[in-house]
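Shared between the two complexes below is subunit A, which pairs with subunit B and subunit C, respectively.
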Partner chain A sequence: MTYDLVVVGGGPAGVAGALTAALAGLRVALVDSGLRLGGQYFRHTQDAGQHPGHAPALDRFLRQAGALGTRAEVLLRHQVWSVSREPDGDLLVHCATRAAAVTGTAVAGAAVIGGAPTGALGERAVVLRTRRLLIATGAHDRPLPFPGWDLPGVLTAGGAQALLKGGGVPAGRRIVVSGTGPFLLPVATGLAEAGVRVLGVYEANGGLGLARHPLLALGKAGEAAGYAAALARHRVPYRTRQAVVAAHGEHEVEAVTVARLDKDWNVLSTRVVECDAVAVGYGFVPQVELGTQLGCATRPDVDGSPVLRVDATLRTTVPGVWAAGEPVGVGGWRLAELEGRLAGRAVVADARPTLVTSTTRTTRTSTATPPPGDTAVVPGVFARRHQRWRAFGEALQRAYPVQPGWQGWLRDDTLVCRCEEVPLARLREARSLGATDARSVKLLARPGMGWCQGRVCGYAVSCLAGEPQPQPPRRPIAQPVTLGALASLATPEPTADADATADATAGAAPGEPHDDHPAH
Partner chain B sequence: MSFHITVDGRPVPVTPGQTIGAALHAAGVRAWRTTRFGGRPRGLFCGIGVCFDCLISVNGRPPERACLLEAQPGDEVTTA
Partner chain C sequence: MSDVIVVGAGVVGAACAYYAARAGLDVTVIDRGPVAGGTTGSGEGNVLVSDKEPGPELELAVLSNRLWRSLAELGGFEFEAKGGLVVAETDDVRRQLTELAGKQDLEHTLVPATGLRDYEPHLADDLAGGVFYPQDAQVQPMLAAAALLRHGADSYGHGTLRLRLGVTVTGFIRSGDRLTGVRTSQGDVLGDAVVNAAGTWGGEVAAMAGVRLPVLPRRGFILVTEPLREPLIRHKVYTAAYVTNVASDSAGLETSAVVEGTPAGTVLIGASRERVGFDRTTSVPVLARLAEQAVALFPALRDVRAIRSYCGFRPYCPDHLPVIGADPRVRGLYHACGHEGAGIGLAPATGHLLAQLLAGRRPDLDLLPFRPDRFAEEAA
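Let's turn to the complex of A and B:
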C-alpha cells in the first residue's frame, strides 16, 4: 500500500506536520534516526519522557508525540538514506535500521515494502511508498576548525547539548563554551544548571554584551533576561569578541587558548584557560540533501547556506514534496513547529481538497479576494506569524555572521577534514595547483570524502577554497549505508493496495488540535 | 533500573535509555578509537550521528555510531 504522507524527521517540525495530517485522517508515517521523538530542541532522557512535569513546552510536545503514536506509523532508529521517484509518481523512502521489525499497529507491515530480515551486519533495509513527502530533517552544527579541535573533550555546542539533554551527561566538569550565536546561551545555561563549572562563554561577534543582546532588540527580552540571570547566578562570564582559537592536550583537551578578536576575528591577544571540555558552535547547517537529491531548488539563506526553496504553503519546487523547519532556513524550534503545521495543512489540502476548503471557509474573515489556493491552506493569521518569526530568525542570523579572520587561527598541520585527516597545508597545495572551488579542492586533497561526506568540514573547505558561498550538497546518498542494507533491498516486493483503511479514519477534521503557542 | 555494560572488560554503569556514547562519557571514557593515518584519539564530537567520529564496536559487530546506539544490558564494548 501507499502512505498519503511520509515525514522524515521527528523534531518540532516533523511531529507537528505528521500530527496535523494524521488528525485529518491521512495515512502517515514518520521516520527518525533517533531513539526518541523530539529532534534537537525536544531531545529528552528516557526518564523525562516517562515522567512528564518538566518544562511546559516539552510536556506539550510529549503529549503530541503520544497522540501521533496512536494515529500514525512512527519508525524510530530508521535512517533515511535516499528517496526515489517511481514511474507512477509515488515516492520510495529508503531507510536503514537496526531496530527490530515493526509489528502491531494497523498500517504496519502493509506499507513497508522490501523490508528484509536482519543480515549479518545487523542492518536492515526498509522501504516506504508514499504519495507525499515532508522533509523535516533539521540542521547540524557548523563547527570551524582550529588547532586541537579534534581532541576528545572538544564537542560541538549542539553535541554537548544533545549529550546533556538526551543522556543527562555534562560534557565535562570545567567547560568552556565558544563560537557565535544565540544558541551558546542555552548551552551554557544548561551546563551550569547541571552543576558543572562553565568557565566562560566566548562569543566571537558582538561587542555589546548581554545587556544589549540582539534577543532584546527582537522582542525576546524575557528569554534573554532569563539566560542573563542564569549565567549571573552561576557566575559564568559572557565575553564578546573573544573565542577559543586553539585546544591543547595529549590524549584529551586539557586547556584552550582564548583570544580577544577584532571585528573580523583576527587575533589581538591570547591567554590560556585550563578546562576539560569545550563546546563550540558557529551556527547551523540545514540538512537539505533529501531535497536536493529529488531536484528541489535551493536558495541561499541569510548566511549563504543553501536551503530548500518553498512557497507560503511550504511546498518545494518538486511536486509532492514539502519541507519545514531548519531545511528551509534556520530559525529555531517555534518557527519549525509552526512550519510543520502549515506544511501538514497544505498536505491535507492536497490529499483531501474538499475537507480543507470546507473548514477554512467558515473561519476566513477577510472579504478581499484570496489569491488562489494559498489562503485557504494558510489562513492570514498563520501567514503573518510565519513571516514575523522567519524575519526574527533571519535577523538573528544577520547579527551573528562568521567573519573570515578564523582562517588565521589555523596552522599548516591543523586538520580541516577530520575523517580523511586532511591538514590545512594540503588544501593550500590544492589551491596553488589551481583549485578555486570546494569540488576541485576535494578531488585534489580529499577533504569531505570520508564518512561524514563533508558535513562537518564542508563550510570551512568552501571558505578556504575561496568560494563566495557554499554550494548545495551533491551527495548521491543522504546517509552512508552498509552493503548489507543495500543487499537486502535487492528484492522489494510491493504489496497489495490497502486504501480501505484510510477511509475508515478519514472522519477527523483538519482542525488546530495543538494551537497553544506561548505568546512570544 | 540502571545496569552495566563492559568496556574492555571493565563495568560501566548505564541509566536506561542512554546511548553507549553517553554512558562512556559519563564514566570518563572520552576516546575509544584512533584514526587510520595519524592514530589520533576520537570520541563524541557532533553528538547527533553526523560526524562519525564516535564509531565503536559493540558485541563484536562492525563499528556503529556510539552517539546513536542505545546501550543494552550485557553489551560488551571494545576500544581500539
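Let's turn to the complex of A and C:
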C-alpha cells in the first residue's frame, strides 16, 4: 500500500500540511526525528500542554498536533536519511529509528516496510511508500567560526533555546548572546526569564534596518516591543554593531572578546567580558537536501543560501514533491504554517482534483518569481497573506545580512570545521594547492567531511573558498544510518499488509542472515 | 609556449605533468574544474597489484607500485603500504585465488581460514581463507594529485609546470596535420604536444581532435562511516568477487565488498559497478548491498553508522585496458586515460612512460597493448 502524502518535519509547516491533507481524507504519515512534534520553534516539554493559555501560539500548535494524531500516522524519533523515486513513480522515504513500531493509530502500519532491529543499537530501517512528499524540514542555525568557538560553553542561539524549551535546562549562569537577526531577541528573553544572567545581546548589524521597514505595521512591531520590554525588565543591554569575536578559556568558556564593528564587520575596538556561556546565531541554513536528493531545482535565497524553487502552490520542480517553510526561504513560523496549509491544499487538489473548485486568479508570491503553478488551489486571501509574509521574511534577511568582515576575526589556527578539526591555515593551503570551490577545498582539507556533514561549517567554508554563494548540498545520506539498518534493506521483507506490519519489531527476521554474529 | 599541454588535473594528469617536468619539459596543465575534481576525487585511492590477471596491466601496476613508494617520499599526501587481503567465501573460490596468486609472480602469502584473524581480528568466522598481498597500498588521491603538481612546479625550475584551473578546453589548434596547442575558454594555449588526461571525459577530448576513443563511464558508489575511535580494519580487504567484477563486461549492477579503514578513522566501503551514463542519482539498493556485504565480512560494522556516500565515474574502455601513448592518427596528440577503477594505482607508471615517450626515450614498458588506435582495428 501507498500513502497519499508523507510529510517530513513536525514543525508548524509540516503539521499544518499534514493536517490539511488528512482532514480532506488523504492517507497521511508525518515523520519527525524529535521526541515530540513542534520543531525548533514549538519545541516543548512534556507537560507544556497542561498549561493552556500561557502561550497562545503554542496552544494552537498543540491543538493541531493533537488533531493530527487521530487522523494520520505520526512517526516520531524517525530520521529520514534518503528519499528516492521508484520506477512506478512512487517515492520511498527511508527512515532509521530506534523507536518501537507504531501500533493503534488510524492507519497503523499502512505502507510501512520495516525491518527488525539490527545490532546492539537497536536501530531499524523503516521505509514509507508514498505518492507525494512534503518537505518541511526547517532550517538549522548558522554559526560563524571565531577563535575559541570550539570551547565547551559556546552554543548556537538555537541550541541554547532548544536546551531551555526541550528540557528546561539553561545553557549557563552568565551568558552572552551574539550574532545577527531578530531571533537573538526571543533567545535572550527566554534565557533571562529562566533566571540566566544575560550579560548582553550583541547585534553585529545596525539593528535599525527592520524598524524602517513598513511591514513592521503587520504586527511584528508589537512582538519586537514586547522583547524590548522584557530585556529592559531584566536589565539586559542590547548593543548594535558589536559582536563576540573570540572566546577564551582553558577547558571551557571563561570570557569572550566583544568587538565594536564597522558596517562591514571589521573590528574597531575590543573589550573582554567574563561569562560561562555564549550563544551565537547568524541566521539560518534551510535544510534542503531531501529536495536536492530528488533533483529539485534550487534558487539562491536573499542571503545566497540555496532554497528549493517552488511555485505559488509550493510545488517544487519535481512532480509529486512539495516544500513549505524554511526550505523554500527563511521566514519564520507564521509563514511556515501558512505555507504548510497551502501545500496541504495543493496536495489535496492533486490527489482529489474534484474537491477543489476555486477559481481564484493567479497570484505570484515572491520576488524570486517562481515558476507559475496551478494557482487555482490558492484562494486570494491566502495568496495575499502569503505574499505579505514572504516579503516580510525577505525584508528581514535583507536587514540582517552577514558581512564579510567576520573573516578577519579568524586566526590561522582557528578551527573552521570542528568535526574534522580543520584550521583556517589548512583551508588556505587547499586553495593554494588548486582547490577552486568549497567541494574541492573539502576534498583536499576535509572540512565538512565529519559527523555534521558540513551543516555547521558549510556556509563559512563556502565563503572562505571564495564562492559567490553556497552551492546546493550533495548529501545522499541526509542523516547517519547504521550499516546494519542499511543492510537490512538489501533483503527486504515482502511488503506486509496493514495488520501484519504493525508488529514488525516482533522477533523473527527471515531476511537477516547474520544475526548469529555477536555485536561488538 | 609549452613543450607539453596536459588536459586534466586529476591524478593521471598530475603524474604526467610531474614526470614531464622532471624530464626537463615545460608543462601547462589545464582543467575545467579544480585539481582532482573528477574521478580522482571520487575514488578509494586503491594502489592494487593483487586484483590484476597476469599481463600488461599487471606489469604496469607493478611498475606503478614501485614508483608510488618513491613519490611518497616527496611528502604532502598519505600513502599507506598496508597490504591487501583477498578473502574467499568458499573453498572453491579459495582454490581459484590460490591459482591466480601462483600465476601473478607477486609477493604473497596464502592464508588458511584459521589464519585470517591474525590479519583481521574482526573478520566473520565463516570464511574459507584468502591471500595476503603486502604490496597493495592506499593513497589519498586528491592530495597526491595536488602534491605531484606542487612538487613538479617547485622542483624543476621556475615556470616549468603551470596550472590553469577553471579553464575549459574547447578545441585544438593545428598547423598542417600537427597539433600546436588548444583553444580554451580563456584564450589559446600553445604547445608542441597535447596529453589527453581527461579521464572519463577523455573520449570527448579525443573527439575534438577528430579521433575516436571509446572511453565510457562506469558508475561506482562508496559508503563512508563515522570515524571510529579504534581502528577496526587494518588492511585493504576485499572478496574474490571483486576480481571477476573488475574484468566483467556486464552493463548491469555488480557489487563486491571492498572494505578498509583510513587515517581519518572512517571506513570506506565499495565497490559497485554499473553502466548508467553520468547519472549521479543515489541508488539506495546499491548502498544497501554495499552495507550488507561489508557487514557480512565484518559483523562489528553492523552498529557503525554510514554518514555519507559518494559516487564517481570510472573511465573504462571495452578491453578494460588504459590508453597510453602517441596517437598515430593525429601528430602531437598523446593519450593517458581510460584507467577504469585503477587510475590512482596506475598513474605514476602512466606519467613516467608517457614522459619517456615525450622526451624521445624508449619507454621502460612496451606500450603496444595500450595504443590509442587499437579500438578501430577491433571494430574492423
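To be clear about the criterion, the second predicted complex is superposed on the first by the 452 of 520 C-alpha atoms of A that agree within 3 Å, B and C clash if a C-alpha of one lies under 4 Å from a C-alpha of the other, contacts with A are read in each partner's own complex, and residues count from 1 in each chain.
In this text, a residue touches a chain if its C-beta (ideal position, glycine included) is under 8 Å from a C-beta of that chain, and two chains touch if they have at least 3 such contacts.
These numbers were taken from a predicted model, which means no experiment stands behind them.
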State whether A:H94 touches subunit B only (first), subunit C only (second), both chains, or neither.
-> second
State whether A:G153 touches subunit B only (first), subunit C only (second), both chains, or neither.
-> first
Should A:G450 be classified as contacting the first partner (subunit B), the second (subunit C), both, or neither?
-> both
Thinking of the overlay built on chain A, is A:D437 touched by subunit B (first), by subunit C (second), by both, or by neither?
-> second
Subunit B versus subunit C as contact partner of A:A162, first or second or both or neither | first
Should A:S84 be classified as contacting the first partner (subunit B), the second (subunit C), both, or neither?
-> second
Of the partners subunit B and subunit C, which touch A:E421 in the superposed model: first, second, both, neither?
-> first
Is A:Q403 in contact with subunit B, with subunit C, with both, or with neither (first, second, both, neither)?
-> neither
Would you check which partner chain A:Q293 touches, where first means subunit B only, second means subunit C only, and both and neither mean what they say?
-> second
Of the residues on subunit A, which ones does subunit B touch that subunit C also touches?
-> 121, 450-451, 480, 482
Give every residue of subunit A touching subunit B within the complex, in rising order.
-> 33-36, 40, 45-47, 49, 77, 79, 98, 121-122, 140-141, 143, 150-156, 158-163, 166-169, 171, 251-252, 418-419, 421, 450-452, 455-456, 480, 482
Subunit B residues within the subunit A interface of the complex = 15-19, 21-23, 25-26, 30-31, 35-38, 40-53, 55, 61-62, 64, 67-68, 70
Show which residues of subunit C lie in contact with subunit A when the two form their complex.
-> 9, 33-37, 41, 122, 124-125, 142-143, 146-147, 149-150, 163, 165-166, 223-227, 264, 269, 281-285, 287-289, 291-292, 294-296, 299-311
Provide the residue numbers of subunit A that touch subunit C in the complex, in ascending order.
-> 82, 84, 92, 94, 118-121, 123, 293, 295, 420, 433-437, 439-440, 443-444, 446, 449-451, 453, 474-477, 480-484, 486-491, 513-514, 517-520
